[in-house]
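Each structure below is given as structure tokens.
Here chain A shows up in two complexes: once beside chain B, once beside chain C.
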Partner chain A sequence: MNDSKNVKDIVRNFINNSINIDALGDDEDLFETGLINSLFAVQLMTFVERKFGVEIGGDDLHIDNFKSVSATAAFVVRKSSGQVA
Partner chain B sequence: MNMDIFLTAEQIKRHAEFQDFAASNVEPFAYKWDRAQQIPDSAVSQLGAAGYLGANIPCEFGGRGWDVVTFGLLHEALGRSDSAFTGILTVQSMISAALLKWGTAEQRGKWLGPLAKGEIIGAFALTEPGTGSDLQSMATEFRRNDRTGGLVLNGEKKWISNGQKAGVFLVFGMLDRQPLACLVPRESDGFEIEPIDNMLGFRAAGLARLRFHEVPIPATNIVGKPGFALSHIAPIGLQYGRISTACSALGLLRACFEESTRYAASRKVSGQNLGDIGMIQSLIANMGTNLEAAKLLCWNACRAEDDHLPETFTTSMIAKYFASRAAVQAASDAVQIHGASGCHESSPVARFYRGAKITEIIEGTTQVHEFILGKTFVHNAIGDQRRQRPNPGV
Partner chain C sequence: MNFKTVGVVGVGNIGSGVLASLVLHGIRAVAVDVSEKSLETARAGILQTVRLAPVLRKDAPKLTRNEVLERIAFTTRLEEVSTCEFIIENVTEDWAVKKPIYERLDRIASAGVCFGANTSCISITRIGSATSRPDKVIGIHFMNPVHMMPTVEVIRGQHTSAETLATLNRLLAQLKKEAIVVNDLPGFVSNRISHLFMNEAAFVFQDGLATAAQIDAIFKKCFGHKMGPLETADLIGLDTVVSSLDVLYDSFKDSKFRCCPLLRKMVEAGHCGRKSGRGFHVY
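Right, the complex of A and B next:
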């Protein structure tokens, strides 16, 4: 199972590197920053799948699952504990 | 190049099989199909029987479940003979990949088996008469039908490969200004298909214009969720489209190289072989070097997809960008080397010349690749400066 603090650190690190800012708040809406490119969504998805061994499917497509560092980390924790997203 | 270093024994064996298939079932007919602007159903059935239409579909759904490198080798081998024919596989893999990733259990159960066996051909409908690269401006519209609980589709799509033969279309449009993708069976009410002939290249790829007039779409045909069609659904299909197109362009590049070297070795000019002339050697050197470089980029892209790396989307763009441009250059030089005989429609290099250009347009144009890759490279450099470490490139 993925520990939530650890997951958040890993997700934050990936997102900060992807959008090149350090000061992004964990709850800041990624899609409203205007900093992400057209491939970011699938890159984040692929990273999460590979790093945490979860598989994202059609039922998981909710903006609330990926809109921020906190949201993505919480999604990973829920998903890897077998809870429905 | 000795490909053994980069490929497994199994992959090398399969590549040889794919090349044999192309030499017997594709190459001898490519000229005829190009002239007729059509690939006969029997040839498509052969693709299905060989399992090639299900190359990227897992065995549990009746596909071959091959790794992406093997998928790339298949597209290279067929691209060597006929890029229009390979286009059928490209689109089949795009719709299959999108369904595999985002389809409901019911959609996967219903469509993947027939797609894998070639019992049904798929099409991927993004482009419209008014917009291609700028997909956010799509005018095709879905509307909710409160009475049925489903949707109603209106609009037009254009330049859709396989459109003439496809039994099912993955159609992208807007629902309440949110991008949405839906499966639309060919026999749907209000769905009209008009063949498009006389393309520059890919003449046999069965392009069509699609018109939707109040087409009823059951809610069970929605793939993914509203709002995710351009950020998540299309990119998974386009990822396979780019890998396929890159590898097909690689095959075309190999074709140009093989035809050019063979011709240069036998054609006499002023008492010497064409290939002894420095300027011709220069063209061939460039072609052969690009061929080796494209090979490495293509296998790298395939492997990144096999390893499910986040950078897989960038590596496939790099491979597609390089291989398609190199193919255009090689085809132009191949015609030059062949002189007038390369300018007649019966010459394979004339067909390669027309086909190569198409690879620079489909699955994102060269300029769109430059825009995204250029931005990505600069972005990476900024990140590297921030972290104060040397720039590793991609």
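Right, the complex of A and C next:
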């Protein structure tokens, strides 16, 4: 299941492995703090789609959905609610 | 007069970025490559770039898959650029590959059409000499990722005319990009300098002074750069970086441009950076 805790862990792991920072707060704004750039944002969105089998549709194309670990996890849970992953 | 159709020759790493940028600005394109596989990779990459573009830029249009595909004709036949109003060339950074392309384009394109050479290092004057229209050949050095970067380095070859520069400026205005216009010597301004520090960063890594992440972090956290030199090399593609260093070395005969042996070894191992999933970093 794409439950919140599980998803958060996977997303946090992915980001940590890719950008090499020591302590990433779940609510830290990745873009505002300049932690990630547009290239990584695309990598993150692509990862989310593949890993959790969700599709980022026309109405989801908003940076707020991916601005932090919590926001990304909430997006995945919302998109996959009702479907068994 | 707005450009309606632009030819893009070579749809690898940067060519596919150029295509995405054209499509996002409502310009149609004829996309040519010798490799079916490159065409396929480009098609998938462009669809993904265009689809996600609105997340990164509020002004990007939301285009459907069909709208994107309908704007680009993918082909292996160079002759199909004959109807294009401007041609952007992005084939492999190797004079032996580029020269025959320009000779053929010169015969295929009508006399008034300008050629924009998207090369990292090869002299624009040299490229112009392969055609009967050196006044209509100009360097457009796009930056990666093309649709996100507002500025390009534009290079005036020895014979590039003021009209050609004006024509290119019209195209760039449509793409909402600004040009910094410089004169011509191999590597221009950007790569003559950037390849020195990417190469030296590879030497520093080879010498075991620091990890790739540390080298990049020093540029980002101490110098305030957006990206470190090894990440940048990975983004450009290590094969292209090596080719560019070779062009610089051959052109200036200056040992400061000698390519780091580790870079060459990584390319031989197929670790070409982001586009192959692995370089100094893993993707």
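The definition used in the following text is that the second predicted complex is superposed on the first by the 78 of 85 C-alpha atoms of A that agree within 3 Å, B and C clash if a C-alpha of one lies under 4 Å from a C-alpha of the other, contacts with A are read in each partner's own complex, and residues count from 1 in each chain.
Note that in this section a residue touches a chain if its C-beta (ideal position, glycine included) is under 8 Å from a C-beta of that chain, and two chains touch if they have at least 3 such contacts.
Keep in mind that this is a model prediction, so the values were computed, not measured.
Chemist: Mind working out whether A:Asn13 is in touch with chain B, chain C, both or neither, as first, second, both or neither?
Modeler: Neither partner.
Chemist: Pick one for A:Ile63: touches chain B only (first), chain C only (second), both, or neither.
Modeler: both
Chemist: A:Arg50 in the overlay: touching chain B, chain C, both, or neither? Say first, second, both or neither.
Modeler: Touch partner of A:Arg50: chain B, not chain C.
Chemist: For A:Ser81, is the partner it touches chain B (first), chain C (second), both, or none of the two (neither)?
Modeler: Neither chain B nor chain C is touched by A:Ser81.
Chemist: So, does A:Leu39 touch the first partner chain B, the second partner chain C, both, or neither?
Modeler: After superposing on A, A:Leu39 lies in contact with both chain B and chain C.
Chemist: Which residues of chain A are in contact with chain B in one complex and with chain C in the other?
Modeler: 20, 37-39, 41-43, 45-46, 58, 61-63
Chemist: How about chain C: which of its residues touch chain A in the complex?
Modeler: 48-49, 51-52, 54-56, 62, 145, 148, 213, 217, 226-227, 235, 283
Chemist: Quick one: in the complex, what on chain A touches chain C?
Modeler: Touch residues, chain A against chain C: 18, 20, 37-39, 41-43, 45-46, 56, 58, 61-63, 65-66.
Chemist: Using the touch definition up top, name the residues of chain B that touch chain A in the complex.
Modeler: 101-104, 223-225, 227-228, 230-232, 235-236, 239, 308-314, 372, 375-376, 379, 382-383, 386
Chemist: Spell out the residues on chain A that touch chain B in their complex, using ranges where they run on.
Modeler: 14, 17, 20, 22, 37-39, 41-47, 49-50, 57-58, 61-63
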